[in-house]
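To start, the structure itself, in structure tokens.
As written, the chain order gives the labels A, B and C, with residue 1 at the start of each chain.
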């Protein structure tokens, strides 16, 4: 079978399928009596990936297979197709997600212990509704709290093939300032300005307090 | 490449350029962070929303303000935190509780630092700050991890799925999968029933003979006489020859095969008595049936 | 503005949009203070159309605008993404198949005698269409009933080298011991629900690919 035809089939299938496709799934497109030759699918994927160099889309591999996606460089223009703003996620949501991703399986109580603050039911529900996390079991302690883990959908959404591709967890940082009798030597005015800048930079106010649903302001 | 407008529009617009308000509390812009950071009642709301809890606030104070969190006026902070309970009524009380717990922890650490330790315990007692430091460090790690995750290119925000139109959505119909066991179970049921109709009980036989019977019939489908020997394939070995021979005998028994020998030791010829596919113009014996499967079970 | 970038934006937008886009809609992707130059969008569309010559998709203009679509030439393969499973075989079909396998060559009348119930023409036809059984001759008795036997395709499907590899009938009698491991003894309703779930859960591709050749007229 012609490699050009195989490449065309793979390209068309990846663009026609509503979800990423694995090499096995791609192989399933070919009838048994005329299968794609050994290695030809991988070759087609390589060729397609290279052919994207100059294009507006790229071929990426995520947890559940290969997919074409819009290049980040042109996405800002493409995003104007959708008038409504994309969901933004609060720090509470992202920190909860991070703890589930890096420490799974983990209970809500354990998340609260590390964050030092209650995790609202809505935060967990939001992550479950997005199908980014799911209950993977229950810890065998009184109350049988649910253990949460991340899903393939989480990896797909963030363009990852596996959890290994998450950014490495930072090293523990020293907290040298935690010494007694350290003078509070920063002038109040300077400190206030620093706080103001920080807060403006991370603009926490506009995303705080709405765990329930990511705002879709437009 | 120029920065597209879409990106800019995603950021909230701040109308004032000269001085950004730290926050808006009760409709009034707050331009200056109150000096006694941990106490001001009006700023409480700001903090509760700007920080992800007491650990986050403490980290901020340590990292950015060089504040010695242990050198705070414990009596004062305690009094004011208690005052906040009133303010908290119409706010998120569970958050206030967490800040109060943290204040209590700080107070406890401070008091333990001030009190002389019993000599016996001096060597063994851990630094009361150690646990707090450990928690702060661990929280800081995951706070960073959350920021890292937020930086990942993600669908909808940084990219979108590429897809094309499929002009012909007609699906291919595939026949159902069948498990061998499924078929065997069906057969077992038949056999069970067949036991009731005893004369049709099936006895065990070599299936290779059955298979070969079909093959021999196909070979003879031209309804001509064939040399007996031509039906055997030497390469199959003795077992193959025996299987073929048995199948010929079985076919003869079932009157599907005619075996002819003109004289002793003369060549043997075989001919199929089974009609070939050409004969299918014959009346279909099934025409008198309903055409529907009678319920089997 | 660079024509390459404009082409990339147009390509990405057409691939990201769920519906065809007009030139006006494409122009709307560019901010007012940095619009796409006159004619550049049409040029981008022309370039993209030409670039599809060797690809599995093509750029077409339809009533409501431009869109990429799967080329008809590769559709037969891509269509296997949406393979539909037909309903499972009835007990009658399976019994008929089993009897043909174990008692070939056998006529329909003989099958009916053993089963104790009639065998419909459709049942046999179904098995013939699947190319699992075939007429190997006709018994030379009044009515010349067809003699059925199994095919090589039957052996291949079940992974058998010869009929000898089917379990002896004597073992079938002892099947009750075998039964608990098999899913078939579940109550019909439960089993059907489980099957339905299976089918819903797994992508159709995973089970595609044993017979229906893609040479489907489109």
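Note that a residue touches a chain if its C-beta (ideal position, glycine included) is under 8 Å from a C-beta of that chain, and two chains touch if they have at least 3 such contacts.
Quick caveat: nothing in here was measured; it's all calculated off a predicted structure.
Colleague: Farthest from chain B in C-alpha centre terms, which chain would that be?
Modeller: Max centre-to-centre separation from chain B belongs to C.
Colleague: Taking each chain's centre as the average of its Cα atoms, which is closest to the average over all protein Cα atoms shown?
Modeller: Centroid comparison flags B as closest.
Colleague: What's the distance between the Cα centroids of chain A and chain B, rounded to whole Å?
Modeller: Measuring from centre to centre gives 16 Å for this pair.
Colleague: Express in whole angstrom the distance between the two chain centres, defined as the mean CA positions of chain B and chain C.
Modeller: Each chain's C-alpha centroid was found; their separation is 22 Å.
Colleague: At what distance in angstrom does the C-alpha mean of chain C lie from that of chain A?
Modeller: From the centre of chain A to the centre of chain C is 33 Å.
Colleague: Which parts of chain A, given as residue numbers and ranges, touch two or more other chains?
Modeller: As it turns out, chain A has residues touching two or more other chains at 12, 15-16, 57, 68, 70-71, 73, 75, 77-78, 80.
Colleague: Among all residues of chain B, which ones touch two or more of the remaining chains?
Modeller: 1, 4, 6, 160-164, 166
Colleague: Please name which positions on chain A make contact with chain B in the complex.
Modeller: The contact residues of chain A facing chain B are 12, 15-16, 18, 57, 67-73, 75-80, 85-87, 89, 91-92, 94-95, 97-99, 101-102, 114-118, 156-160, 166-167, 169-170, 172-173, 175, 177-186, 188-189, 191-196, 198-200, 203-206, 208-209.
Colleague: In their shared complex, at which residues does chain A touch chain C?
Modeller: Checking each residue of chain A against chain C gives 4-5, 7-13, 15-17, 19, 21, 24-25, 27-34, 54-57, 68, 70-71, 73-75, 77-78, 80-81.
Colleague: Using the touch definition from the top, list the residues of chain C that touch chain B in their complex.
Modeller: 1-2, 5, 12, 15-16, 18, 20, 31, 33-34, 57, 67-70, 72, 75, 78-80, 82-95, 97-99, 101-105, 108-109, 113-123, 130, 135-140, 143-147, 149-150, 157-159, 162-164, 166-170, 172-173, 175, 178-179, 182, 184, 207-208, 210-212, 214, 216, 218
Colleague: Chain C touches which residues of chain B in the complex?
Modeller: Touch residues, chain B against chain C: 1-2, 4-6, 160-178, 180-191, 193-194, 196-197, 200, 202-208, 210-211, 213-214, 217-218, 221, 254-256, 272-277, 279-280, 282-283, 285-286, 289-297.
Colleague: Hey, which residues of chain B end up touching chain A in the complex?
Modeller: On the chain B side, the touching residues are 1, 3-4, 6-7, 10, 12, 14, 20, 22-23, 31-35, 37, 46, 49-56, 60, 62-71, 92, 94-95, 98, 102, 113, 129, 132-133, 135-164, 166.
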